[in-house]
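Two complexes come next, and they have one chain in common, chain A, joined by chain B in the first and chain C in the second.
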Partner chain A sequence: MDFPADYQLVKQGAEAKIYKGTFLGRPVIVKERFCKTYRHPELEAMISKERLKAEARGILRCKALGVPAPAVYYVDPDSKLMYLEEIDGSTMKDLFTSLLASDDKDAPDKLKQLSLSIGEAVGKIHAGHLIHGDLTTSNFLRHGFKTYLIDFGLSSVSTLAEDKAVDLYVLERALISTHPGSDQYWTHILASYSKSYPSGSKEVLNKFKEVQSRGRKRTMVG
Partner chain B sequence: MVVAIGLEGSANKLGVGIVRDGEVLSNCRRTYITPPGQGFLPKETAEHHRKHIIPLIKEALEVAKMEPKDIDLVCYTKGPGMGAPLVSVAVVARTIAQLWNKPIVGVNHCIGHIEMGRTITNSDNPTVLYVSGGNTQVIAYSCNRYRIFGETIDIAVGNCLDRFARLVNLSNDPSPGYNIEQAAKKGKKFLQLPYCVKGMDVSFSGILSYIEEKGKPLLKSGEYTVEDLCFSLQETVFAMLVETTERAMAHTGSGDVLLVGGVACNVRLQEMMAQMAKERGGTVYATDERYCIDNGAMIAHAGALLYTSTGKPTPWDETFIRQRYRTDEVEVTWR
Partner chain C sequence: MGEAVLSYEYYPETLHLVLAKDVKNMPEIKSLLLNNKLDCALIKPCLVPNVFVVLQAAYKASQAKIKGKLITKTIYTEILYNLSPSKNITQSLATFGAQETDTELLLAHFGVSETLQSILSQIQGNFFKPTENIGNPEQIVKFYNIKPIESTVTPIENSVVSRIATRGVV
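Let's look at the complex of A and B:
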């Protein structure tokens, strides 16, 4: 399968170039994982293969658990291309940035709703033992009243509370460092996380405190 | 115009530097070197610092051709770092500030690295990768703070390298990292090691356990040489660092990278980072070992920035040390 030349580059992420185009008559996003020349070839081959697989599997599992994610239309393992359903939404990163800066009196309430939907999505995937691996506000898309999860390249399946806690920790750090002044919304995220993952959230949140203390209050020398 | 003297001793390096408005007049250093197979411990390191600090201050003044009366400001490392070495240096800073009757400023060590790097390389607003024996952080500036985007969730990269050097008995002179770098140049065979990236965070402890368990038998059987392991280790941990830095850059939308901290001297890391930045259309800024490795000038420089922007020294009863002083706790008043 050739990569159509009329596809338009819309974004260069850390791992992949994102193109827009049509595939069998549908609007699609094509994610091209490019070769990292700085990496040792053996390491590069292993990582890019693993991540392409992880992404396809993660998306399927995520959808099966009832959390919206873009549909996978086609995967080309040789050229490391993935054809995905196009979601016409805004990233949580953009929404948070604009809402936190706005004077709108409804802004705090909107932010609360968004935070609840983030917590719900994470709670649901963790209940199904899916670890996203790269939870940042850039990786949630809001379309209408639905919150989509994207970018599953670092995802894995694990039943360990430790892995889920680290997943939450990564999200907390990304939220606080990207959106100064968003600390209060973290409690909403955790509240709806617990609600949508009643069976195991308690254990994960205990572990989460442990991970936090390992990271932030860890001895720093030199 | 402010002439500042900076005293640094948060780990095994003791440094005294004198800086006048970003211009380094002197930057002297003594390193506490332990025998192969051993790391440096707080008590012995503090003893080393206590023994050398007075001659080193004299040396710094001499090189800068200055007298105590020419100094306007005394700066010292408030943290983070090892307790005993930090205290031994802070005590001297408080003493000379009183003896010479000068204002005193406590400086965050990480901020010292960042500000010195920005000044030396003339980079305006880079994403910073701070890698040393005790720290591994991906930092970007926003809203008056240096915010930590990614970080190690267990041990620092330099600590991983140091402990690996101890495992295979590499020399600590001039530094374990330097000897790994030299050995890695002769390594050819790549051993696959755990590659552990979690979002913008990294983890190194698994690599160390893996080498402890699997590496030794591989060395014994002659399948891999120490050089091969050094090579594989560097390729793996640096790829992880470059990847998380790239993630942070994609997330914040910035193009330039500044490398600081002891591990940032490593030429291979600089090369890999440069390749990544080139693909993104950005630039890598790196400094050489005079400024990468802990030194006094960076403390003097950051202290002077803080002092001139606020006009206030650190209140006397706050001139203590903090072993766990986080980068993002400092309000940046000079940017």
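Let's look at the complex of A and C:
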């Protein structure tokens, strides 16, 4: 894709390239889903289109459930581009990494507050049956006192406790594997999850124990 | 007159926006528009949160025109259609287009200052440069079906912008 000269590549992931630039006078993040040449072209076209749609739907639903998400400015399905509001904040990943390494006496309390906000966001979207699909500490942005959820390319809508439990399990694995020493904060995440999702968190947490013991995939034996 | 116009460079054309108030000859303007004698979009200002939303709807319309993917007849009706949460074209144009009984309108025109002047010369009213806040938040919230749970965490404008951007995609 040829972008104007002021667009800068800031990140390259497995799925997309992230650019920074301006759109109609505003700072934006442009997410470009690129072609995977190793995939069959028809399958590739289908998958990338689905993920673009899922991303747009996920953002709308997330906002409607009262969890901040970046505004969508423009979507170009032909070139698989999405122009998003730039959130001027830090990822939870960076915040956790620096706070866990810091010897500031307030660090544990700050980490607790961040964990509570993560749990609250996940609880709220699950209460509205939105499954994020890729919950990692990189996909939460902290801006002021708001916690934004980003990257909804793998999101879906499901009322099943199983799907919500797997969503939580992915987050737990991501937290523990990217942030050694963060185990104690998981309980805060779960506590505020339950608080913001009073109607169904019990069932999800029971399922979660089951998922923990078997892993993300269901056994297909029998 | 120049200070009443907000211009924005779009490739390959320039978009001009003017807010007109105390318009006295609305029925006349409307009939000129319906007879394709007025090359512009006349938007009802109360349903537009701010200028950015119009720029965005116009950008989406101009991209659709370049790609030959306009859903409505012209780039101007496409702007009104893009602004609307409804998929019904007639209804969208009726809701977001200025009506004969209105005295205010937000004019959008792709062109040069001469073509804009010839349009403005046919409107009897006072012209202003559109500012950040234009519309009526209560009406906007109702029209776009933005619930309080959403408007408490994100600005109304962001909700409207996201709906406009994703419409036709989701």
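Definition applied: the second predicted complex is superposed on the first by the 211 of 222 C-alpha atoms of A that agree within 3 Å, B and C clash if a C-alpha of one lies under 4 Å from a C-alpha of the other, contacts with A are read in each partner's own complex, and residues count from 1 in each chain.
Methods note: a residue touches a chain if its C-beta (ideal position, glycine included) is under 8 Å from a C-beta of that chain, and two chains touch if they have at least 3 such contacts.
Quick caveat, the model's predicted, so the values are computed rather than measured.
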item	value
Contacts of A:Ala14 with chain B and chain C, given as first, second, both or neither	first
Chain B versus chain C as contact partner of A:Glu85, first or second or both or neither	second
Touching partner for A:Lys36 - first (chain B), second (chain C), both, neither	first
Superposition-derived comparison: chain B or chain C, residues of chain A touched	B
Touched partner set for A:Asp134, first chain B, second chain C, both or neither	first
Which superposed partner A:Val211 touches (first chain B, second chain C, both, neither)	first
Partner chain(s) touched by A:Tyr169 [first = chain B, second = chain C, both, neither]	first
Residues of chain A contacting chain B in one complex and chain C in the other	none
Of chain B, residues touching chain A in the complex	10-12, 79-82, 109, 132-135, 140, 142-143, 145, 147-154, 156, 158, 190, 192, 195, 197-201, 235-236, 239, 242-243, 246-247, 249-252, 261-262, 271-273, 275-276, 279-280, 294, 323-326, 328
Residue numbers on chain A that touch chain C, as the complex places them	24-26, 52-53, 56-57, 59-60, 63-69, 71-78, 83, 85, 146
For the chain A and chain B complex, residues of the former touching the latter	12-14, 34, 36-40, 42-43, 46-47, 93, 133-136, 138, 154, 166-167, 169-171, 173-174, 176-178, 180, 211, 214-222
Residue ranges of chain C in contact with chain A within the complex	8, 52, 55-56, 59-60, 63, 67, 147, 149-150, 152-154, 158-159, 161-163, 165-166, 169-170
